[in-house]
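Read from first to last, the chains carry the letters A, B, C and D; within each, the first residue is number 1.
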């Protein structure tokens, strides 16, 4: 029995134990929950190394698990973010109903993600992929809100993707006689052209759904915002990265091998760019923090997809670095939202304002992650975005640069909205009683915020594993110092750091800001929202004058034509059409026994008439 | 001595004739004796199956006349596996329906258990027999028990459902007899192995016509699309456990019959593609009809029909892999659909119309039943790590190896539809508010035990499919080996 | 419209079915040449090993006796299903609806005929292995005797318990004889009695025993069916 | 097929049997009254039985009964008609009877429940 077996057993047993221990004691349940996430995480990093393989033979198929540098990188995201989210969830879930249900699916999701990363054969990859889908689906419908639409939409998209993948897997098995990923990759150059195109397409369909790539993203905003925030942080932060993980593998090991791959990559890169633009625009429009972050996640995943699809070394580096950063800052932001939801009961910008003094630590975490999200130095997001631009420009994707640049600039708008809407602005009496979230929720957020800072300053901590991961995939053949291709990074002894010149600029900027703030504080006077008059009118009590009401109206009017066509509507149209078709099919069963008898005769006669063709 | 196949028929028949007498002694005996008989048969079946796995098929002759003169029963790995499965399910159905309705009088109880036992016996007979006319007799035993069981409840529309069943069942027997007589008039024999041995001598036109009639007749019982008008009604109106018995036992027997005709008896090359076509149409129509259903049991019925279509498709690949996949599907379908019928019956127990919306919020009142229903729903749509996944995987593998890309696409698309309607119901059970004032009924102890046993089996197969794959591989090999079958039956000497 | 469609469909079906059977041919040997049809074996073995003169009986009861067991079960199940379908909670049997009562000629004539009919029935199934007829035919004759009585006397009653006891005992006899053969000779329904001399009443081994059991069973079951249906009270919307 | 009277009989017997089956099926599929539907089933059963028995017939054949005079004359065996279809038809008749009885019982139930025998009005279960 290998360590990987033990890890999976702990996950599984822990999930079941956690579920049932809730019947005995809530504290015990929390302890079991934490243990079944943290213990495997510790075991994994302490004992599992590359080269060891664990096998399990099921139904005549050998499932093989092992780790390489590339999957280790993503395991870092999953287990790191997962542990943080697990600690956070203890606080977040306190006093909520269906706790066991939530914990159970949380653990299973982590297990499934680890399973995906550790899978060496395609069947266990698929199994864990499906477990991940249904466990995340179950959490998505946790609060029972509009689940027949949101939940089913998520599951249908996932299932379509997963089934496409299943088809690809069995076709590969038919062609190669093996379920091993490596044999698929080795055989790929020998396949017929149509297979060379269709198999990656089918895989990308599955990965594209999870990574919320453009025409397949419609489930994401609803599902992200509907799940409990403690889960959404791994849903958006880690689970969507499974799509990225798969995409990288497909792109590197398959699409890069064929001459038609160029067009593939272009299309995916453009889809990523469009995803980013659409996600950003919709995010600006939202009044609910959950929705805003959900759309923002879609947009950020768009950047990542663009980065990895460009195909240059720097682009890949940028995409993967952004993936890690996205896990950090989007995880934190969802946690922040969850903390606010927990303390105030709502996440609507129009209702909650001025929490900066009530929840200062939360604010700091939010501030840092917003800075990272917006790509402002010295936090990690900057490094990633810079590399992305650089790779796009060096590979002559000028139009794409404009799209990305547009959406990343527009992203400032929602970043600002998030920060200002919740924390700044006037204090409302309604929220006077609000307290800081419990330490168990704040500490994970702060840890991750610090991580963002560290990674922004020393990006090499992540860039080096990315480099060796890509080497394991065969993307780069020897230990190239990928980061050297970017002008923003500097090697300092054994570390890769941000260019020092930036720190001078930042330092001056920060000094200036502190100076201004200091000056401002002296003259600050706290008033209520209603303490204004415009054109001599005094606002009524029930008028909502919160900062974010009607936020960016002119901008939204300007981009309205672009947003009128929702892809969602097309899907709904298809679904409605299918349902009426099915209703029609149902009417075949008229309820009259004689009609059924006639069907029998019709069947016989038709078969008799065509018997020479059929037999 | 491991027992012989004929006991599967003789013992239940003897018990069936005895039960009315025993009922005069102690009324509870009419409920207990069928269970005892089924338990005995299960032990017998398992024993025989173990024996057959080691030593090859057991062929039993009746009345001392060797085939092709007399009737014979064949307990090969393939038929033995199905028989074991059916009897196991039958035992579960019996245990579940023991005191299903507490207030049922003595007379109906007697008749219910009699007919249930004969339903199982008839299906077992269909699978075991090696004679085409004998199969007709067993089909009729099964059908008549089915008619009676469908119309068991008063006050509902059960008589209407049963009447449709009778109508189509009679048409089925007409076609079956026409087909049998064509075969007999040409080959002068009714023994399957003998026919299989001589079928190549037959005039192709006659052969094809008789095959068509066979498929039509058996297709009515096996719920192939244009022939299955009776099925949704009968499933919906019959008592809950009977629905499970239909889905798990009767349909399996009919599908077995079609498969026996296609694989062993006839040598038509086009028959396999024909199976794929009708199976595919059945699958698509049934699953798409299911999504718009308003009644729970009707939805389950359509789903069951669709699954049978998929089974036919898998058989239609004609490869050993396909047969393996089909058998796996049949096994999973039998277990999972029974669980769904069992738990679904309690979810809508006291409701008059059994609407799907009446399951809303039932998880608060029936937590275990709801959980098991959800487990069944997850398993039947083929989500890992539950039992349904492995059969779906094997179907897909078999399809890929037969180069049936279009079939794969269609099957997977239909799977999405299936997923949607099952998830909708599960969502209702767990996340909707209870709307109606219908009082939920707690499952009886034995029903709960039965459901939990089924749930455990689903998990066991899901986590460790090897518990069944070995037998399934041998069973599919035994079906594919036609000459071996003929040899085993015809080599018997007086 | 529907009728035209149905007629067209049926015409096509008829074309194929009739065509198929015309191909087979009527009144002439239709078996493929070179094959030994089982009927030849049956005809030879009927005399040789079973000592039964009616070949149909030997096929029904011995060669294909398993079918007959099934057939008896079908009948038994039909009665069971009938009882289950028409079962009513309060009064097991309703009042018979009688339009007008029979005249005395009918009643006394029926009384006179009844023993004869029953006797004929017994004769037919006891001699099933010697002459045309058998258990099913005899049973039907017996049931028709009861039908006559039920029609003639509006309050003629048959004991339901007695019917079901007869039915069960006969069924047990059939299955039990089969099992005895199983114990004795190794196969179900195997003959374990001396076969006697051809064309004697006591010949054919177990065949007469089974046919007598079948006769009783069919008679009881059919009577039961008639009785149940006759006492079905015609209340609508019940 | 020879052109004698017997040749036409070939068509006549099978044709009649098939026609009776079809008439029965027609009744089942078209007639509105439940009773007529059941009668249709019964009629098609009869046609079927006729067909089966007809298959066993041989030109100039005798009943398959070895009455005392027949015993030694083994040539007569080949003149006997095929007994197997007769045995089968016996089973088929009994089964047909069983089905008809159940069907009629159901008709009684339906009439009790719906107060009508019109099959078009008994359509509570559909779609």
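Following the convention adopted for this analysis, a residue touches a chain if its C-beta (ideal position, glycine included) is under 8 Å from a C-beta of that chain, and two chains touch if they have at least 3 such contacts.
Every value quoted in this text rests on a predicted model; they were computed, and no experiment measured them.
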Practice problem: Decide which interface, A-B or B-D, involves more C-beta pairs in contact, and give its chain pair. | Solution: A-B
Quiz prompt | Most centrally placed chain, judged by C-alpha centres | solution = B
Quiz item: If you average the CA atoms of chain B and of chain C, how far apart do the two points sit, in angstrom?
Solution: 30
Exercise. Compute the distance, rounded to whole Å, between the mean C-alpha positions of chain A and chain B.
Key: 44
Quiz item: CA centre of chain A versus CA centre of chain C: separation in Å?
Solution: 73
Quiz item: Taking each residue of chain C in turn, which ones touch at least two of the other chains?
Solution: 6, 10, 13, 16-17, 21, 24, 30, 37-39, 42, 64, 67, 70-71, 74, 77-78, 81-82, 85
Self-check item: Multi-partner residues of chain A (at least 2 other chains)
Solution: 586, 589, 591, 593-594, 597-598, 601-602, 604, 608
Exercise. Scan chain D for residues touching two or more other chains and write them down.
Key: 21, 25, 28-30, 37, 51, 55, 84, 91, 95, 98-99, 102, 106, 109, 113, 123-125, 127
Practice problem: Mind listing the chain C positions that touch chain A in their complex? | Solution: 5-6, 9-10, 12-13, 16
Practice problem: Under the touch definition given earlier, write down the residues of chain A that touch chain D in their complex. | Solution: 586-587, 589-594, 597-598, 601
Exercise. State the interface residues of chain D toward chain C in the complex, per the touch definition above.
Key: 1, 6, 9-11, 13-15, 17-19, 21-22, 25-26, 29-30, 51, 54-55, 57-59, 63-68, 71, 77, 80, 82-84, 86-87, 90-91, 93-95, 97-99, 101-102, 104-106, 108-109, 111-113, 115
Quiz prompt | Touch list for chain D against partner chain B, complex | solution = 21, 25, 28, 34, 37, 41, 44-45, 48, 51-52, 55, 84-85, 88, 91-92, 95-96, 98-99, 102-103, 106-107, 109-110, 113, 122-125, 127
Quiz item: Taking the complex as given, what residues does chain A use to touch chain B?
Solution: 57-60, 123, 126-127, 130-131, 133-134, 141, 144, 147-148, 151-152, 155-156, 159-160, 163-164, 166-167, 170-171, 173-174, 579, 581-583, 585-586, 588-589, 591, 593-597, 599-600, 602-604, 607-608, 611, 614-615
